Amino acid sequence: MSDKDIYAGLTQLGGATALPASPEEAVLERVPNPQAGTAYCVRFAAPEFTSLCPITGQPDFAHLVIDYVPGAWLVESKSLKLYLGSFRNHGAFHEDCTVSIGKRLVELLDPAWLRIGGYWYPRGGIPIDVFWQTAAPPEGVWIPVQGVPPYRGRG
Amino acid sequence: MSDKDIYAGLTQLGGATALPASPEEAVLERVPNPQAGTAYCVRFAAPEFTSLCPITGQPDFAHLVIDYVPGAWLVESKSLKLYLGSFRNHGAFHEDCTVSIGKRLVELLDPAWLRIGGYWYPRGGIPIDVFWQTAAPPEGVWIPVQGVPPYRGRG
Amino acid sequence: MSDKDIYAGLTQLGGATALPASPEEAVLERVPNPQAGTAYCVRFAAPEFTSLCPITGQPDFAHLVIDYVPGAWLVESKSLKLYLGSFRNHGAFHEDCTVSIGKRLVELLDPAWLRIGGYWYPRGGIPIDVFWQTAAPPEGVWIPVQGVPPYRGRG
Amino acid sequence: MSDKDIYAGLTQLGGATALPASPEEAVLERVPNPQAGTAYCVRFAAPEFTSLCPITGQPDFAHLVIDYVPGAWLVESKSLKLYLGSFRNHGAFHEDCTVSIGKRLVELLDPAWLRIGGYWYPRGGIPIDVFWQTAAPPEGVWIPVQGVPPYRGRG
Amino acid sequence: MSDKDIYAGLTQLGGATALPASPEEAVLERVPNPQAGTAYCVRFAAPEFTSLCPITGQPDFAHLVIDYVPGAWLVESKSLKLYLGSFRNHGAFHEDCTVSIGKRLVELLDPAWLRIGGYWYPRGGIPIDVFWQTAAPPEGVWIPVQGVPPYRGRG
Amino acid sequence: MSDKDIYAGLTQLGGATALPASPEEAVLERVPNPQAGTAYCVRFAAPEFTSLCPITGQPDFAHLVIDYVPGAWLVESKSLKLYLGSFRNHGAFHEDCTVSIGKRLVELLDPAWLRIGGYWYPRGGIPIDVFWQTAAPPEGVWIPVQGVPPYRGRG
Amino acid sequence: MSDKDIYAGLTQLGGATALPASPEEAVLERVPNPQAGTAYCVRFAAPEFTSLCPITGQPDFAHLVIDYVPGAWLVESKSLKLYLGSFRNHGAFHEDCTVSIGKRLVELLDPAWLRIGGYWYPRGGIPIDVFWQTAAPPEGVWIPVQGVPPYRGRG
Amino acid sequence: MSDKDIYAGLTQLGGATALPASPEEAVLERVPNPQAGTAYCVRFAAPEFTSLCPITGQPDFAHLVIDYVPGAWLVESKSLKLYLGSFRNHGAFHEDCTVSIGKRLVELLDPAWLRIGGYWYPRGGIPIDVFWQTAAPPEGVWIPVQGVPPYRGRG
Amino acid sequence: MSDKDIYAGLTQLGGATALPASPEEAVLERVPNPQAGTAYCVRFAAPEFTSLCPITGQPDFAHLVIDYVPGAWLVESKSLKLYLGSFRNHGAFHEDCTVSIGKRLVELLDPAWLRIGGYWYPRGGIPIDVFWQTAAPPEGVWIPVQGVPPYRGRG
Amino acid sequence: MSDKDIYAGLTQLGGATALPASPEEAVLERVPNPQAGTAYCVRFAAPEFTSLCPITGQPDFAHLVIDYVPGAWLVESKSLKLYLGSFRNHGAFHEDCTVSIGKRLVELLDPAWLRIGGYWYPRGGIPIDVFWQTAAPPEGVWIPVQGVPPYRGRG
C-alpha cells in the first residue's frame, strides 16, 4: 500500500470543512499506520486549544501535547485539528476535559500507548496542569519529556 | 453524575469570599473525581504564596508547585486558593510550612500520591527549597519534573 | 562626613521593626547622598510586592522596579522595604497604586528624576503593567532599560 | 473622589456576565483616571485572543499587547476582557482586526496616545505581526518595548 | 468595500497551487489596504526559506523577517508564501537575494516603507546576515526591533 | 589503518557533488569505525531538512536529530548531508519519512543502536514530532537527551 | 514542642555576628527537625561562596547547591551562612573544599542523605564542577535535579 | 612602539602578586593605548566582586560591568583585577562603592568617557543596581547596552 | 554583470587553500557589490576566532561580529574566513587585535561604514569586550544591535 | 599529607609553559586524590578546544565536557589545559579525537569511571556530537546531565 493510498476514504482532508459544533459531532478519522509493526512515538503540540468554563461560560485556554505509540492506526491530523477545535463553544472542566480527549483518541486508535498533557492558562493566579497516560511507557520505545516550561507569574 | 453536579454543595465557589484569617480557619473543599478509577496527575502552580517569619514577623514569599494523583476526590481550586491565601498573616517556617501544606491536602483528599515543592525567595542570600512526596511515585502514572529554574543571584 | 555618619538618626535600621499597618503609617527615611553632585541612577527591584484588591479583598501581587537619579538624598533601603511591605493588608488599584508609590518617593527625596514600573500578576488572564516617570530622563545620565520579560501565558 | 467611587455605575464588573456575541454587541466601559493630569502608561497583555478566519471559518489565535497613555479615562479591565472575548465567533482579518481594536479603544478613551501589537499564530508557516500606534509616543512619557519574542519555527 | 471583497480577483488563494518554478514565474498578488490612510506596520516571519548556492548548487537556508508600512496595498500572504517558496531550486547569493526580495515587494506594493532581514544559516562556520530598508523608518510609526538572536556556535 | 586511510574509496568526499534527485538515487557511504570495539554514541543535528507534501506538493520543513552507537561502521558525513538533501523535491509524510530515514541508516551501518527524532514545522497550527529507536538504548552507553525545545506558538 | 521552641539555645541567630575567621572557628548549629519521621529534601543555593587559592592566594568563587534529607536535625540557616562565609580568607582546593563542606554537614546533622554540587568560576578558561553525595538517593524521596546551567564561554 | 613595549615598566603583570589589603593600597596601572587616536570602547565584566557591609561586616557581592572609551591610556587588566579584589575585606556602601570605582578609573586613565554598572546581589529581597557614566556617550562611538538580566526572585 | 561573474578572478574560492601563516600573509579578497548604490548592512558572526597571547604564548579565544555597509565592494567570505584563521598562531592583544581587524577590512573595502565587536573569553575571571566603528552609523541604514549576551560567570 | 603537598613534583604548574606541539608531546600530570576513598565526580568544561581537519587542514572547534569519578588520582588542571591546547595544530577526526582524549585520561588516572562529550561546531550545516563513557555510571555516585543545549541553526 503506497503512502498516498492510506489517505483514500477520508471525508475531511483537503476540502473546506466547517468547525464541528461540539466534540460529539466531530468526526475523528484514522489512517493505516504506514510503519505498522515498528514501535515509534508521534507527538502533537496544540497550543491553540480553547473551551468554555461550564460554570461561568467564560473562555478557557490550554496548551495540549499528545504523545502516542501507534498500533494499526494513525490519527489523521486534519480531523484531529477539527476535533480539538470543536471544544470552542463547549463547556469542559480542566481535569475531565484533558483526560477525556486522551480517552477518545484511545478509543479511535487502539494505540500501544498514549499520553496527554494539558497545560491550562491561569485562573485566579493558579494554573492547573493535567497529565494522563494509558500505562507506563512501553519498554524500548523512545518517548522524550514534553518539556513545557512551568508557569511562573511575573518578573 | 454530570460534571456540573460534582460542584453542588460547595460553600465558597462563585461567591465573594473573604480571605480566611489563618490556615486553621480556612475551609478546604473537595469534589468527586470525575475520572475516578483512572490514574492521572494534577498540578497546581502557585507563584503568589506569602507568609510571615515567625521570629521576625517579616514577610516571606514562595513559589509552590503541588502534584497529586487523585483517588476519589479532587481539591476544589477556589478553596485551595483561599487556603493558600490564609497564610498571609500567619507565621511559618520554610521547611515545616511546605510539608504541612502537603499533609493537609493528603488528609483532605486521601490521594493515591502527592508531592509539594516549595521554592522560597532568598533571605541572607541563600534561598531554601523544600521537596516532599508521600511516597515514590506510583508505577505507570505520568508525573513530569516540576522544572522550576534554580536561584542564581545576579549577573 | 563619613559613610557611617550618614546613617545616624535613622529609626528603623538594624532593629527588629514590625511591618507598618498601612502605607500611611510607614516611615520612609532618607540619608544624605554620599555622591551628591554626581548624576547617577539607582535601581531597586522588588519582586515581593503584595496588596489587596479594594473591591474583592483578594490578594494582588506585583513585581516593582524603581529607578531614580538622586539629588541631595538617598532612600534608606530598609525603610523602603518596610514601606512596600505596608501595602500587605491595604486595598489598592493597580494603576493608582503604582503611580502613588512613585509620587511618595518623589516627595521624600526630591530626586532629579524617578520612574517606577509595576508589573502585576494576571487577573482574568490579562495582566496590567503600569509605567510612570517624573519627566523625560535627564540628558547624559545612564538609565538602562528595566527589561522585565512580558507575560506570555502558557506553552 | 475615592478609588472605589470610580467604579460606580459599571454594568459588568463583579457580576456573572455572558460573553458578548460580537464586538459590536460588546459594551466597553471606562472609569475616571484616578491619576488624571499625570502622564503614565498602562499595558495590557492578552495572550488568549481568538477569532475566526472570515474566508475559511477556521479559528485564528493571537497574542495582543496594548499600551496607552490615559487622558481623562481608564478602560475598565473586565469590560476589556469581554470585548476581546467577543471576537471568539467573529470573522476578522489579521491586519484589519488588530488596528480596529486599537481604534475602538481610542474612540472610547480619547487617550493621549495608544498602540497595539498583534502577534498572530502562524498559518502556512509564516506568522503576521501587526503594529499600530496613534502617533509618535508623547515626549517624556516612559513606554518600554513590548519585547514579544519573534517566531522561530522549530529546533 | 467589505473585508471579503478585497480578496476578489485573486488567482491563488484557496486553491491547490503548485510551487512556482522560479522567482520570475511566481505571481505576487496584492489586495487593497483595508486600513489605508492609517500608518501601521506589518511583519512576516519566514523561517522556512531555502535556495541553492549558485556556485556549488548546494542548498542554502535562511530565516527571513519582513516589515512594511503599507500604502494603498497589502501583500496577499499566500502569494508571498509561494513567491518565497519559488527560490527552492533557484541559485542566489545571500546579500543579493535578500535585498532583491525586498525590492520586488517594493515594486509590487509601493509601500510607505519596507525592510527585510535575512538571517542565513552558517557556511564555513561564519553566517551572513543581511539588513536592508528603503529609508529611515517613517516618523511616528511603530516598528519594533526584529530581535532574532545572534548565531553563537556551540556550547 | 590510519585515520586517513579509512576515507579511501569514497566517491563524494572533497569533490563538488550535485544534490541527488531523490533518496533512492542518493549514495549513502560508510567508513570503518576507528574506535570499533568501544561503545560510544554519535549525534547529528540537521536543522536544514526539507521535503514536499505528497498530497499538496507544498514544502515541509523539519529539524532532525540522529543518534547512533556505531558497530563496525561510521556514516560518512558528506554522504549523509547529500542523502538528507535528496528529499528536497521528494514527497514524504512526516511519520513515514522520519522512520524511513532511520531504517535506511540501520541498513547501511548495522549499528549497535540508532534513534531519530523528527521535529516538523507546524502545519495548521499543530506540529508533529516523530521519535523512533531500534530498541531500548544499550546498557552502559551514554546517550544524552536530545533536548529540542517544544513548539509553543506565539507570545 | 512549638516551632519557636526549636530555636532556643542558638548562639548566632538574630544577633550581629562577625564572620568567623576560618571554617574551623565557624560554629555550625542545628535545630530539631519539626517534621522528623517524614522523608523530605531541603535545598540551599549559595551563589555567594568565595575562598582563596592555596597556591597563589588569589580569590576563587563558586556557586554551591546543597541538598539533604534530614534525620533528627535541620541545619540552622544563619549558622550555615556564617560557615560558608568563613572560607572568605581561607585557602582551599576546588575538589577538596566542596567535598569537605559536605562532610562537615554530615557530621553535624547525621542526615538520611546529603549531596553538594560546587560550580566553580573558570580559571584558565576551564571551570571545575564537583559533585558528591553520601550514597544513592534514598528510595521514595523526591530530589529534583539541581539544574545549574553549564559554563559556555562567550557568544 | 610595538605591542609588547607597552607592557614595559609594569610592576604586577606576570609575577605572583598578593591581593592588596585595601583599595587605597592597590596599585592600578596603565599602558599606552596602542590605538590612540581611534575612538573605541572597552568593556570589562567582573562577576566576582565582593566587599563587606560597613554596618554589619557581612559580605556583599556584585556583578560589575565597566565600559570606557580610552584616551591616551588603557588600564592594565591584571592591576584592575587586583584593585577589584582589594575590596574583599573592605567596608563599602553599594551606591558609593560603585561610583567610587568609576571615579578612580577616571582619575587614572583620563578617558574620553567611562561608565560603570553595579548589579548587587539582593539583601532583604530587594537588590540595588547603580549606574554611573561620566557624561552622555560621545557621538559616533559604539557602546552596546550592558544587557545584564534583571533580578526576578524565584519561580 | 551577472552574480556569477563577480566571482571571477578570485584566487581562493572553491579550491583547497591552506591556512595563511599570519595575518600579513593572508590575502583578503573583494568582489563587486551586486547591490551597489543601495545602502544595506552585512553582518558576519565568527564564533571560531583564536589567537595567541603575545606575552605568554597561550591561546586566546573570541567571538567576533562584524557589520558593514558596503560601497563598491563586498568582502569575499572564504578569504575572510582564511584571514581570521591566520591569527591562529599569531600573538595579539585584545584591544589592538579587534580594532586592527576592523581597520584592515576598511582598507580593503572602503565601506560606507563598518563596526567590529570582539567578545573575548575570560582570563583571570574578567573578560574584555572591544567595540569599534568607523563613525556614527549612516542615517537611514538599518543596523540591528549585535545582541551578544554578557558574560556572567556561573550559577 | 596536606593539600599543598600533593602538588609537589609537578613540572608545569606556576611556570610559564609553552603550548606542546602535539598531543603526543603534551605531559599530562596527576596528583593524589585528597578525597581518595570517597566516590565523587569532577567535571571540566572546555569551550576553547580547537584542532585541524586532517583532510583539509582547516580549523575545527569543539566544546568539550569531561566527567570523571577519581580513584587514587586527580588530573592536574594546568596540564589538562596544555594537553587540550596541544591539539591546536594537530589533525583529528571528530569521533576519533573525542574518544581518544577520554582514553588518554583513563590511562593516566585509572578512574572509577569517566565520560567525555564532544560538541563540535557545524560543518556543512550538520554538527557532530560524540559521547563516550567507560561504563555505566557507578551506582550511588551523583553525575548530573551535561546539559549542553542542542544546535539549532538560525532564527
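Here are a few things to note about the model shown:
So that you can tell them apart, the chains are marked A, B, C, D, E, F, G, H, I and J in the order they are listed, and the count of residues begins at 1 in each.
One rule holds in what follows: contacts are C-beta pairs under 8 Å (C-beta built on N, C-alpha and C of every residue); 3 or more make two chains touch, one makes a residue touch a chain.
A quick note: this is a predicted structure, and the numbers were derived from the prediction, not measured.
Touch-path distance (fewest steps) from chain B to chain I is 1. Shared contact partners of chain E and chain I, listed by label, are G, J. Over half of the residue-numbered contact pairs of E-I are shared by just one pair in B-I, D-E or A-D, which is D-E.
Centres computed as Cα averages put chain H at a distance of 33 Å from chain J.
Centre-to-centre separation of chain C and chain I, using mean CA positions: 45 Å. Shared interface positions of chain C, i.e. residues touching 2 or more other chains, are given as 14, 16, 47-48, 61, 63, 121-123, 125, 127, 145-148, 150-153, 155.
You'll find the chains touch as A-B, A-C, A-D, A-F, A-H, B-C, B-G, B-H, B-I, C-D, C-F, C-H, D-E, D-F, D-J, E-F, E-G, E-I, E-J, F-J, G-H, G-I, G-J, H-I, I-J. For chain E in complex with chain J, the touching residues are 47, 61-63, 119-123, 125, 127, 148, 151, 153-155. Residues of chain F that touch chain J in their complex: 3-4, 7, 13-14, 33-35, 38-48, 63, 65, 70, 74, 77-78, 80-81, 84, 139-148. Against chain A, in their complex, chain F makes its touches with residues 54-55, 91-93, 95-96, 98-100, 115, 117, 122-133, 135-136, 145-147, 149-153.
Those residues of chain C that touch chain F in the shared complex are 150, 152-153, 155.
Those residues of chain H whose C-beta lies close enough to touch chain G in the complex are 16, 18-19, 47-48, 50, 56-59, 61, 85, 88-89, 121.
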